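Consider the two complexes below, in which chain A is the common component and chain B and chain C are the respective partners.
Moving on to the complex of A and B:
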């Protein structure tokens, strides 16, 4: 008896005409069927990026209701090195992404392990833990801005009860970035939690049972089973979060507007200012292209590291 | 009016002369407003927006014409306006433009001169021209009454000194006319955290600390450019007068201000005033509507208004932060006419009275000179009348969006102590000079302050 694979089966079910079997249609059909998607991808993704790159070599001004494009070569790219907002933005974004994502991963992992070991009311815990991610960004900004308010905020009222002086969470240069990071951790930890919990729940249970029969404790399970098996999930979650964290905008826009000074300026916000508020489309494009390049590089490096870790 | 400003006596004479005519014609003009196609107004969510919304509702009720309002935050409104006027066909028929960014609409050639839509349209003589910002001469690229009428004033926003009249009475204080007097009064009432002597708008935002500081800057005799009207754009922000103004601003914050002055945007300043935590604030007139509203204020009947102080030898200089209504080129003729019909109705005396009753400051001087000013609720009108003729533009060039981004950062850094006032002004001067030079203006800059 010959067992056919599904492809072979479907091929066998087709009329055995030479034009179809192994013919032109077979060879080109995958390309033809994918063409609309590829075209859509090119139009929606590559074309805007190409336009951005072209814009970055121009100054765009408006006269008589018409745009005038003046070529400037690499001038915009050269000016980036001396832009105080861009430099501050790069530094703050790196700190923001590193600290926020690290804490979110640890907290998310801890909550996921905890929830996976709870047998009663697991759905309730899961629902509670994911609530922050369901709140729209604009509401989060308004809510935390009120909570952080120096004069009327609940946090200062609470610390006042224990005799502490009110703190200026969003207006003090030494506290502002940390305060924004706290909000981001609150907002995005559920994302890490959800992905890591899904990963945990899909781990093969027989491995755990065997380990327990052999007398392994929780820490041994964690070190020798959970972490190695969870590595692909952890890597993907980390990558997703890093990408989103590097693009942070709404929390900064709503809470601090990049201030005080440049203490919470982040790259996306600097691009927004230069591109939209100041209407410097050429210069803003150069900022976007450099940021895009940096992010792409980060993704490639992160994927390489993850691949290497999986191998070892 | 020869220098483009409004002479107070002339304004009041004009107001008196046109008041009666307007009273007679006002209702008639409304009744004659023909049916128009539906139109859309793009506007920002400012403290005076509620009054504007009510007047639009009244317009719809009286004329049967349909008006859609597209309401946005300050920066969002500008972005939507830019996108609309740059498209092949615009979405918005009437742009409500701030004094900061109307210039880019004029210079970019995005608006239709109003008389191209209706050659018979005239700006009502009771409405000031706000330093001639309603006009634009495309040849000289200046705001000159010799140019074309491009817009109609929608809101006469200027900042005035809000002070706690009840506390002044208790302490026997005199309304300040100089900066030194303001500092002394603010210190006398400063009792943090229950009461701040003054709350300043020192945050870095779309236009927070810049707009707040400019009455101090001009009131100390400072000028951004050497002679903007004559085309000399030499940057003079880092003059000794500028330094004195910024040092005073920072000192006021430190000695009698909010501990978080660098984080106070307009909303927080208003919040502190209406909750009774601020003895003074230099705030836009548009915020007044909340002061006597018992549902929003704990200081009903306790606030009063005066002109912002000035240094000896200089005039008070409230910064014009007005709003203008302009009609884009890229919308169909019938929608342009609908927008103009609304503005024609809006500038009538009766519409402006209703606008005032709805809580927005009127743009007509004769409304401010009317019996309404005698009502206790309208006690702001006197200061407003005095302040409007003294109103100063921050700048009139389309590079305003770039200039304000620079000043917002540097002034905020001075307020938060990240930079000294001199260093902040030197940085402003250097960066503004780069923008102006790139724009092709005749420019230069002063030597750095030490």
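Moving on to the complex of A and C:
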């Protein structure tokens, strides 16, 4: 920092000339400005992931803050293949992500198209729709747990008004996952809406005018203009949403805790349970490693598909 | 788009949007109402009720309550991690966008940043826990701040790259010709121009840190617990105290609502930057 100070002083005292350049900080500036990111990523992401892999081949026990590592070879990975919790987690996460994100994209797109067609109140609509994204996931879980309550929840009150019997939305095996998906749709549709609306607003207006002069109706406009032009934005939104959907943890934690049975068990929750609740760090690490591999595979496949689509 | 609009479709459009807005708002209104109800009023499902502040009193000011403490923890972790994330991200973004490093390093850093953003945080908590415990940072605010910096750095880096790219290179060239050193160029030219971007990235980073639960749950203890952790613990321990839970939930959403009202523009810009060109 002293170098910066002296440079500033001399720059102020003399009319600046290139000759005053060349202090240490100046010369190594690119390195200095990149070093914090590189160090953070090395120490807090790459090193822990390497550690995770090593841990997955060990049993780890703690005594007075010191860990004892016992090598177990591939035993954790072998056990993983027969873990019903993990299998249920993968299945539920896949269903959850697919259904929730599909509905969110459709609803979000519908709302974005509607909003792009109004001229009054667009800012108000947008402000309201952004709200759920900004509230802590755990709070959304708490809110909906109360709303789903069997005795006094607003949802059971509402379906009571139309003459239906109250249901135990979170405690019923056949309803629990669907109920969690509904919460996620409420939570994240606004995100799809926001990105898609921004995409719509950035479309060139003259194309629409030309189409209208040619007498195109709304559906023709949607099919032949909006959808093709919006494809990149739609793809990016879909990708962002899928990534976050696969991480789901907060809402499930309070709403159902993975239950009843394994009906809402998701991968993140299984890892948490094995690693922290059951204190089986080696096994939890193996689970994490397999999850990371699966995710990497998915992303590589998705990229391949995207490249193929762009070519055709 | 502006001419030849008939009244019918406009009314239908607004109707659909108002319904959607209600679906978003009603849960908040209902939970806010529950926070001002007595337990009995909530259980009987009374629509009209006498508002009470007892729930807030219980959550905030009783001896056993830690809520104000949790609130302070969240503020500290959020502010400190956001400040550091912004500094680190802006410095790096400038060097990355202006290609001041070998190409493999630029691509490696950006590529890894995006890849890391896709990793479920819960897979990182385990090794972080072991690491922090080994060096004595377990259950400390420092550990939590470090974790939140790491989690939010990819997004901030991405956003700052988008915003730095918008700065005309001619300005930097002019400063360079006038004899500015690299640090001077960064502080006097880049920083002032990138302020709106910093606001967008900063608000989002703070909110994400404030909301973060999975990592805070496992890297904190009673004394260092943040608001989301406190709410989860509360909901699990006192499952019956519904109205207090509602009050706690309502209070925890205050920062997000305040930031939304103050910086709606920045938030929208931050969330959509990069996704839409």
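In this section, the second predicted complex is superposed on the first by the 268 of 312 C-alpha atoms of A that agree within 3 Å, B and C clash if a C-alpha of one lies under 4 Å from a C-alpha of the other, contacts with A are read in each partner's own complex, and residues count from 1 in each chain.
Convention: a residue touches a chain if its C-beta (ideal position, glycine included) is under 8 Å from a C-beta of that chain, and two chains touch if they have at least 3 such contacts.
Computed from a predicted structure; not experimentally measured.
Legend: residue contacts after superposition of the two complexes on their common chain; A:57 is shown touching neither chain B nor chain C.
Contacts of A:25 after superposition: chain C is touched, whereas chain B is not reached.
Contact with chain C, but none with chain B, is seen for A:147 once the two complexes are overlaid on the shared chain.
In the superposed pair of complexes, A:276 makes contact with chain B and with chain C alike. Once chain A of one complex is fitted onto chain A of the other, the partner contacts of A:258 are limited to chain B, with no touch recorded for chain C. For chain A, the partner touching the most residues, choosing from chain B and chain C, is C. When the two complexes are overlaid on their common chain A, residue A:299 makes contact with chain C while staying clear of chain B.
Within the superposed three-chain model, A:109 lies out of touch with both chain B and chain C [touch as defined at top].
In the superposed model, A:85 makes contact with chain B only, not with chain C.
When the two complexes are overlaid on their common chain A, residue A:168 makes contact with chain B while staying clear of chain C. On chain A, the surface patch touched by chain B in one complex and by chain C in the other comprises residues 62, 65, 67, 149, 151-152, 276. By the touch criterion stated above, chain A contacts chain C in their complex at residues 4, 7-8, 11, 16-18, 20-21, 23, 25-26, 29-34, 36-38, 40-41, 44-49, 51-52, 55, 60, 62, 65, 67, 111, 114-115, 117-119, 121, 123, 125-139, 142-147, 149, 151-152, 154, 157, 186, 190-191, 194-195, 198-199, 202, 205, 208-209, 232-233, 236-237, 240, 243, 246-247, 249-250, 253-254, 267-268, 271-272, 275-276, 281, 284-285, 288, 291-292, 295-296, 299.
Chain B contributes residues 75, 78-79, 82, 85-86, 104, 107-110, 193, 203-206, 258-260, 262-265, 268, 271-272, 275, 277, 329-330, 401-402, 405, 409, 412-413, 415-416, 418 to its touches with chain A in the complex.
Those residues of chain C lying in contact with chain A across their complex are 1-2, 9-10, 13-14, 16-17, 20-21, 23-28, 30-31, 34, 42-45, 87-89, 91-92, 94-96, 100-101, 105, 109, 112-113, 115-131, 133-134, 146-147, 149-150, 153, 157, 178-184, 186, 207, 210-211, 213-214, 218, 227-228, 231-232, 235-236, 242, 245-246, 248-249, 252-253, 256-257, 259-261, 264, 267-268, 271-272, 275-277. Chain A makes touch with chain B in their complex at residues 62-67, 84-85, 149-152, 166, 168, 170-173, 256-262, 273, 276-280.
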